[in-house]
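One chain, chain A, appears in both complexes that follow, with chain B as partner in the first and chain C in the second.
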Partner chain A sequence: MEQFQIRIEPARPASGGRRLASLGVNASGNLELLVERSLPPGEAVFDIATAATGFRDLWEAVISDLCARLPVGGLHFSINDGGARPDVVGLRLMQGAALMEQPA
Partner chain B sequence: MNAPGMNAQSDYYYEASARERAQGLLDPGSFTEFMGPQSRCLSPHLAQFNLTGAFDDGIIIGAGLLQGMPVYVAAQEGRFMGGAFGELHGAKLVGLLRAAAAHKITAVLLALDTGGVRLQEANAGEMAISEVLRAIVAARRAGVAVIALVGGRAGAFGGGGIIAASCSRIIVSGHGRISVSGPEVIETNKGVEEFDSKDRGLVWRVTGGRSRALLGGADAYVADRISAFRDAALAQIPNAPPFTLESLQAEQARLSQRLAAYGTCRDATEIWRQAGLEPPAPVADLSEADYAGLSRLPEADHDAR
Partner chain C sequence: MGLKSWDRQRRERQARLDAAAPLAQGKIVPTARVSALLRALIRPGDRLCLEGDNQKQADFLADALAALDPAEIHDLHIVQSGVVLQAHLDLFERGLARKLDFSYSGPQSAAIARALDAGKIELGAVHTYIELFARYFMDLTPNVALIAAVQADHEGNLYTGPNTEDTPTIVEATAFKSGIVVAQVNKLVDKLPRVDIPGSMVDFVIEADRPFYVEPLFTRDPAAITEVQILMAMMALKGIYAPYGVRRLNHGIGFPTAAIELILPTYGEALGLRGKIATHFALNPHPTLIPAIESGWVEQVHCFGSEVGMDQYMSARPDIFFLGQDGTLRSNRLMCQTAGLYACDMFIGSTLQIDLAGNSSTFTNGRIAGFGGAPNMGADARGRRHASPAWMQAGQEAAGEAGSLVRGRKLVVQMVETFGEKLVPRFVEELDSVRMARDLKLDLAPVMIYGDDVTHIVTEEGIANLLLCRSTEEREQAIRGVAGFTPIGRGRDRAVVERLRARKVIQRPEDLGISPLDATRQLLAARSVQDLVACSGGLYRPPAKFRNW
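Coming up: the complex of A and B.
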């Protein structure tokens, strides 16, 4: 297992009003994602616990891709990963960010 | 109320996550989760083994309404570590059952999806199962109907099978399996002649939901739909037997009779023949409609458990 935190300063704050979203399961090739609206609008934090060690570069690439596509300022992403592939990680992050765009 | 997760829900029970099952069993929008993922109840044991955990430790608990009636619900996530019981996972369920007894809640829906004890938590997991059993007995004694629902990929095995058997009523789908030792465990310990775990037909004839329901090992059979489990729970709650010395004695007598009548049978089809009934076509091959037309064993309907 490897644990690390990635902090970014997104250009745009997340829209919507939802406080919390939870999706996915920590199973082989899948991941559990918890998204909370708990940070200042200029910040986003990704706390990652992953079963696959040595892939921080890939995580950073997938997260920067997400931040280029969607406004995520103010969101705290917490992940329990069971070795999901980058495309699954990207999909889950997009799902989570999309859920947070819903009204409160 | 919090309702994390995607909104577009299908009604398939087997495919649904634990949280989707908990929400879908109850009246729309009525589910309130206790100790949800934001409380970050991760297992301290898994971390010691350098394993990633789950924010709810693999079990969703909460309260809601079932056709307007206040009930509690617990749902295990069978995809996280096979839905296995760890210390925290078990403690959440024990707490829910104790609260149900204290508040005289009419029913607890217990959506089991578990292989039993989480191996990494060995003794703590075994103790969790024991505490759950004790809490079910106490809740039933206080008049709470505890309804087991089995239809997930992990089934109800190991201590989960014992927990199912201690509930007031058991509802199962064709995907559900109930047993204590799993097929591979039996074969490993007693040899292939005792039980061939690679014979999938045998495994399902013995442990599968359709056989369990026909032989009285489950009290109701439903199609693989969350709404079907919900309807069956509504029907079973008023039928839940009281937990008294008399009901225990009736259950003991029922099981003794079963052992005497079918104890030498090595397959579900032999039980069928022994009961003097025409052995059905391979039960797993029947459509839901044809299966529904089969008659259960005469003693499958009972007031015990």
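Coming up: the complex of A and C.
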């Protein structure tokens, strides 16, 4: 079990109006994600609790790629990870960002 | 002159038949005499095919052969497509056999690697099926073939049932070159439902003490399909099937292609693609194809073999499948592989490792898995001379501006999730098989599909169209550009990858108009094996290990 926070300045602020979204499950190879619109538009925060230790480097790569591609400024992501592979992490984060783009 | 005899093989065959004759009544040998029969018919140094197909196994004869005395029978050269049973390995471990030429070894892949390492096996080559069959008629003609069928009559005519698979090819090569054919059958009967192998090609028939084993290889439980695989399936449909208009194709056996089969009636329907893509298949009867068949997507399917539980369903769909007048499936691996080579416009399947040139292999550390039909299905047929829209479009993309005379190209698509079990990257600098070939001093590194045959790579990150790459460097960056967060993927040149994306060499889900929110299991036309049964109207009867209700 490992916990850490990644703060980043994303390329674009989040569009849409949704305040809150949650998806996924904290199970083996999967993860549970809560997204809140609670930060200034120029920043994004990722709080990660993961079952697999020693992969912070990989998390940083996945998250910085996401923040370069998608409008996530102002969003706070809380992640409970059950040891998901980066492809699953990437898909869940994309899904979370897409949900927040929906109207309020 | 005049002293040369031209019938040495025939006289040799006759001597063996004479030795075995006292054991038989006509062609029929009692079950208990199996060892004596094999000892009378087999000589040291024989080339022997112990029918081990992809699915059907002559397991009764295999056990009997493996139990013989290696002091009496030794140095056999085994030429068979599948090395699947423990008894197949025992032949080498016990010193009955020495040399091996084969195609596929799924469950025994680790044991073969160990036996090779210990010097118990002298490896000829790991063939693709159609290639091994071709060699049966050139330099690997069997002296003895031990085959399996469902039923025989007293004349030695055989009914193979739906799993005909390799049998006609093995028998053709053996029987017409003075070889000896022995068939194990589940049952002796007075009248067969149909004749798959004429009795004139069969020397002895022996009733086995149990029905032959059939491995259920092509059943993928929809419950195990992930959202990442569904996302990849959506990209494949929208980014490859649709723009090329692929109608004639073969699917591999992995979960990503099972996902494609299951979203044809949902996502494919929404895209308006029914009747325009995926109408003709060279394919084993995948249970996951049932929803697409039932919703009118599929016009016809020719099968390499059968699949456990699918027989009644296929018998009830004669417009779709190839059936005998008796109403059961007739499969044929050689014919279906030929269809895959010359009459399919696309092969799409999964792989375990892929390098920076696009070469891929399922040989990973300590496993010699063989490739089965993949090298054939996944190769451009240079002898093809008929046009189709998909084939021509692929050829034109590869040629670019060059030349006025453009030949077509087969679409060869590899679906790869960037990471495998335990976070092992599937994209690598060097294939394990290349290192293994060095260590074992093999003449040829076992590559499943060569990079120059691969046209597209689909990962969860996107599609790389290698036809549009104009240099080795572009090709490498196109592969890195879909390799996700593997070290290979993270080693990409971001500027080059963005330029490739602008040229549509690389396409991301968002470039294809695919929302990640749609990549859910709701998109699967069946979400469990039970759903497949319901969809088939109860005709599909899954084996016990896939029943959880």
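Throughout what follows, the second predicted complex is superposed on the first by the 104 of 104 C-alpha atoms of A that agree within 3 Å, B and C clash if a C-alpha of one lies under 4 Å from a C-alpha of the other, contacts with A are read in each partner's own complex, and residues count from 1 in each chain.
Everything below uses one rule, namely that a contact is a pair of C-beta atoms (placed from the backbone, for glycine too) under 8 Å apart; a residue touches a chain by one contact, two chains touch by 3 or more.
Quick caveat: nothing in here was measured; it's all calculated off a predicted structure.
When both complexes are superposed on chain A, chain B and chain C fit side by side without a clash.
In the overlay built on the shared chain, the residue A:M1 is in contact with chain B alone; chain C does not reach it. Contacts of A:Q95 after superposition: both chain B and chain C are touched. Looking at the shared chain after the overlay, A:D87 reaches chain C, while chain B stays out of its contact range. In the superposition on chain A, A:V25 contacts chain B only, with no contact to chain C. In the superposed model, A:L58 makes contact with chain C only, not with chain B. In the superposed model, chain B and chain C sit 70 degrees apart as seen from the Cα centre of chain A, a figure rounded to the nearest 10. Considering which of chain B and chain C touches more of chain A, the answer is B. After overlaying the two complexes on the shared chain, residue contacts for A:S78 are found with chain B alone; chain C is out of touch.
Aligning both complexes on chain A leaves chain B and chain C separated at their closest CA atoms by 5 Å. Residues 95, 99 of chain A contact both chain B in one complex and chain C in the other. In the complex of the two chains, the chain A residues touching chain B come out as 1, 19-23, 25-27, 30, 32, 34, 36, 49-51, 78, 80-82, 95, 99.
On chain A, the positions that touch chain C within their shared complex are 52, 55, 58, 61-62, 65, 85-88, 90-91, 94-95, 98-99. Within the complex formed with chain A, the chain B residues making contact are 2, 4-6, 17, 19, 36-38, 40, 42, 50-55, 77, 79-80. On chain C, the positions that touch chain A within their shared complex are 226-228, 231, 417-419, 423, 459-461, 484-485, 490, 509, 515-517, 519.
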